[in-house]
Amino acid sequence: MGSFKGHALPGSFFLVAGIWWTGKYSLWHATRRNKNIGSTRLASRASQRRLEILESSVILFFSFVGMLAEQFVADGPRLQLYDFAEKHWEHLMNWQHATMYLFFALAGIVSLIIHTTEAAPLAVDRLMLAIAFFNEGFLFLYHLHGRTMLDVHVHQLLLYAIFGGALIAFLEVFHRGNIILELLRCTLTLLQGSWFWEIGFVLYPPHGPEWDMTDHNNAMFVTMCYSWHLAFAMLVVSVLYCTISCVVHSRLKRTPPMEMGLLKPRERDPESEDEIL
Amino acid sequence: MGSFKGHALPGSFFLVAGIWWTGKYSLWHATRRNKNIGSTRLASRASQRRLEILESSVILFFSFVGMLAEQFVADGPRLQLYDFAEKHWEHLMNWQHATMYLFFALAGIVSLIIHTTEAAPLAVDRLMLAIAFFNEGFLFLYHLHGRTMLDVHVHQLLLYAIFGGALIAFLEVFHRGNIILELLRCTLTLLQGSWFWEIGFVLYPPHGPEWDMTDHNNAMFVTMCYSWHLAFAMLVVSVLYCTISCVVHSRLKRTPPMEMGLLKPRERDPESEDEIL
Amino acid sequence: MGSFKGHALPGSFFLVAGIWWTGKYSLWHATRRNKNIGSTRLASRASQRRLEILESSVILFFSFVGMLAEQFVADGPRLQLYDFAEKHWEHLMNWQHATMYLFFALAGIVSLIIHTTEAAPLAVDRLMLAIAFFNEGFLFLYHLHGRTMLDVHVHQLLLYAIFGGALIAFLEVFHRGNIILELLRCTLTLLQGSWFWEIGFVLYPPHGPEWDMTDHNNAMFVTMCYSWHLAFAMLVVSVLYCTISCVVHSRLKRTPPMEMGLLKPRERDPESEDEIL
Amino acid sequence: MGSFKGHALPGSFFLVAGIWWTGKYSLWHATRRNKNIGSTRLASRASQRRLEILESSVILFFSFVGMLAEQFVADGPRLQLYDFAEKHWEHLMNWQHATMYLFFALAGIVSLIIHTTEAAPLAVDRLMLAIAFFNEGFLFLYHLHGRTMLDVHVHQLLLYAIFGGALIAFLEVFHRGNIILELLRCTLTLLQGSWFWEIGFVLYPPHGPEWDMTDHNNAMFVTMCYSWHLAFAMLVVSVLYCTISCVVHSRLKRTPPMEMGLLKPRERDPESEDEIL
């Protein structure tokens, strides 16, 4: 069921998602702040929309791949849910993981629809993301029956990042475009990603000795380790944000001032999503 | 005490309520968005009010029927609460269910009063709904003593939908007319309805073998099943919303443009409830 | 330690407070809504302030009486906290109750200062009330060690009303003058008051047989009873609110229309506290 | 591991921080309220910024000292985390405490950067403070395994103040400059500080007999004691706030009225941070 790879893969996805989102929101925020220097080229409404569509497609694609992988790996259920002969459920773990991917796929589809058509309010994409995170945490919560102490503990710590992400995404439904909430969600996504890697290393050490699953000192170390992962995620987000801010700011300063006269078209093309919502 | 019918009936009511609300809010939101094409005929303030009165009456009626049914079914308490001869409480389950219906009846009465007279602020109807949901969840919470593991588990899962609905209805007191919150409440109501059916099938399978009430694999399957119900409820709400949006939009486009000159009366007849609140 | 009177007394105070607050907020809201008919006489800013000062003084007085009573009743601690001879704490229950009264006294003092001077923002009185409720619930929470099942259960139910009241009062810090929150707080205060009486009847039945403290059916009945108390509190608040609204409305209609010309002074004397905050 | 000093030291830091913050926010609020009498000298934007930079540096310095102390005290880990010879973790307590300090150091660094450059939105300093408090509470939460009843209890009570502080700081991200939230955070910080001292006295009584760690009466007394600490913290904050308000008000009144003509420069120098955010 579980394996090192099985934790490293979703971990990598969340790490990439966290970094990508940090870059995206930092760029948009930087261009919005520097409006008066003329930065509309960098992040016009149309290019923002194209970016969102691209992102949604990628999420959709990988969620789909994830679902297929959970079903058709070597010891997967191959879409069979119940073994009527032996009267037991088939590979419930894989089915649960596939269900987690399903909700991210749904979030991807809805986001795709929202940004290609005008069918629904923009904020629905954050709601779907919140539901996807919540569903992930919900399934993990009832996932831990009968495991060893340390195994339960590392997964419980994961829940902080997951439910935290769900809460922040839900708040974003009402405070869309708030850079602080956005970066906080990025941080929690990065934390989730790196913690998946950590879980892999703790439960299935690729080399070196096994961990003692019942030693309370190990649990205490792992708790502290979680704080360090959080600090690390905050560091990555800060560095990315500052770099992008500086680059945008310096590049915009270098542009010739005569561009100042060309600012009018921007009025027809509002940057901040807040006003549109 | 419990039976298949006893779960299917409230389940059906919540399913109908969820679909009805989805339709109502989608229609109102669609007409509000298309204000500038002249859609006032479809959802004028007066017709909205008539609809609310109708809805409240129906809720009131069925809550009343529910209360009577719980009291006067074959093995019901018939309004007798305590058996002084044998010194024990009579049919506490039925009394608790009747109490749940009572709060929905109260919500119906208050909503009726609010929409026929000007006695109280509009938002009180959402508050009463939140209290009705909360009370339902509160009674279920202390309802589960001494049952089998799976029985407790399926009812605990139900609490997510119930308390979630209560929370969203409470948020609507402050954000009335927010389509996202409204549709989220519809989704949770649908989820509650379909989950009542699922509980019926799990605890009282109408045909086929009984479930093993202590098997942890069954609990894990049921948890995943809850996610699928949620996904299904989200699907139903999305499809309904999109259909109604498209129909309203296309129908309004077909109306002759000369209607545009008749838009003035709308000023006296504000659509969005937000401004009135 | 506990007795029927010891629960009936605070119960009566909360009942009176709930009814008083319902009347006060209903009156103010009714006069605010009917501003345009000229109702300033009934609830001018100055008379509001006088009412608040009166209320704070009464709260302060009774909290002080409560503290003294807890200390100097027949078997009270008489300000002695620790018995150094026998090395044990003296009457911790009484001390805890006195501490609860202390926080309501503090809320009274602060409210008195705020409404007589301009020393602090108005909203602080709600914050102090929230803290007083929270402190009451906090002490009850750690009050229940080693009691019988039913005893613990009835006190746990009380916590819903107490912490609910604290939460609503805290929300009022940010949404001052929101009639829905105010009436909800009144409802929860009434519920708390009537539930104190119920606890007295259950734990110390003044006549009739003792309750079986370990029977789960009793717990189930008591839970349902709590819902009925809530419904009753809602009924009382609704009836009071509607009566006062109608009386204010009808009395204002009877006043001669020439008063309309005298409305100007109101501009210097804003009614709604919201604008002042 | 634990000692009287080890609790008195952080306690003193939090006490000083609570008093300092109370003074700072009271002063700023008083000058903002008395804007129209001409108080800009006392708290101009530039001097505010200088104060913030000073404060951040001090926090940073003491967090750094704290980290070093935890590492290099007599029986500290001296940066060694794992003893490969004996295969056990080295002084995990000290490492955890150092991690707590680390997050306050991070909050200090970020606050320093925000107030010296324009790199990030102002509200990030409150977010970092919220995260630092949350991290402290998070580590304490998983810190209590296998301790005696009273030891666990006094640390659990501490969590109220810590998580309360984290929540209020998070709310300040959205309601910056709200004096009520600011003073509430000051109160909780003072409470935390004085409670650290109390923990020291209870667990490591410097003179006098040891406490019985399993006596439930002691737990009850300690709970009540927590309420008294809260009342005391509220008293200190109130007295400080009122004193500073009066001093600012009376001093501003004494300034000659001709200053009124010099008020114009203030327009270029907005006081309230709210508008800038």
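All chains are identified by letter, namely A, B, C and D, in their written order; residue positions are counted from 1 within each chain.
Note that a contact is a pair of C-beta atoms (placed from the backbone, for glycine too) under 8 Å apart; a residue touches a chain by one contact, two chains touch by 3 or more.
For clarity, every value in this text was computed on a predicted model and none was experimentally measured.
Any chain that touches chain C and also touches chain D would be listed here, but there is none.
Annotation: the chain A:chain B pair of sequence copies touches via predominantly different residues, less than half of the used numbers being shared. On superposing C-alpha atoms, the copy chain B sits rotated by 90° relative to chain C, to the nearest 5. Measuring from the averaged C-alpha position of chain A to that of chain D gives a distance of 32 Å. Between the Cα centres of chain A and chain C there is a gap of 45 Å. In chain C, no residue touches two or more other chains. The set of touching chain pairs reads A-B, A-D, B-C, C-D, using the touch definition from the header.
The touching residues of chain D, when paired with chain C in their complex, are 160, 175, 179-180, 184, 216-221, 223-224, 226-228, 230-231, 234, 238, 241-242, 245. Against chain C, the residues of chain B that register as touching in their complex are 88-89, 92, 95-96, 99, 102-103, 106, 110, 119-121, 123-124, 127, 131, 135, 138-139, 142-143, 145-146, 173-174.
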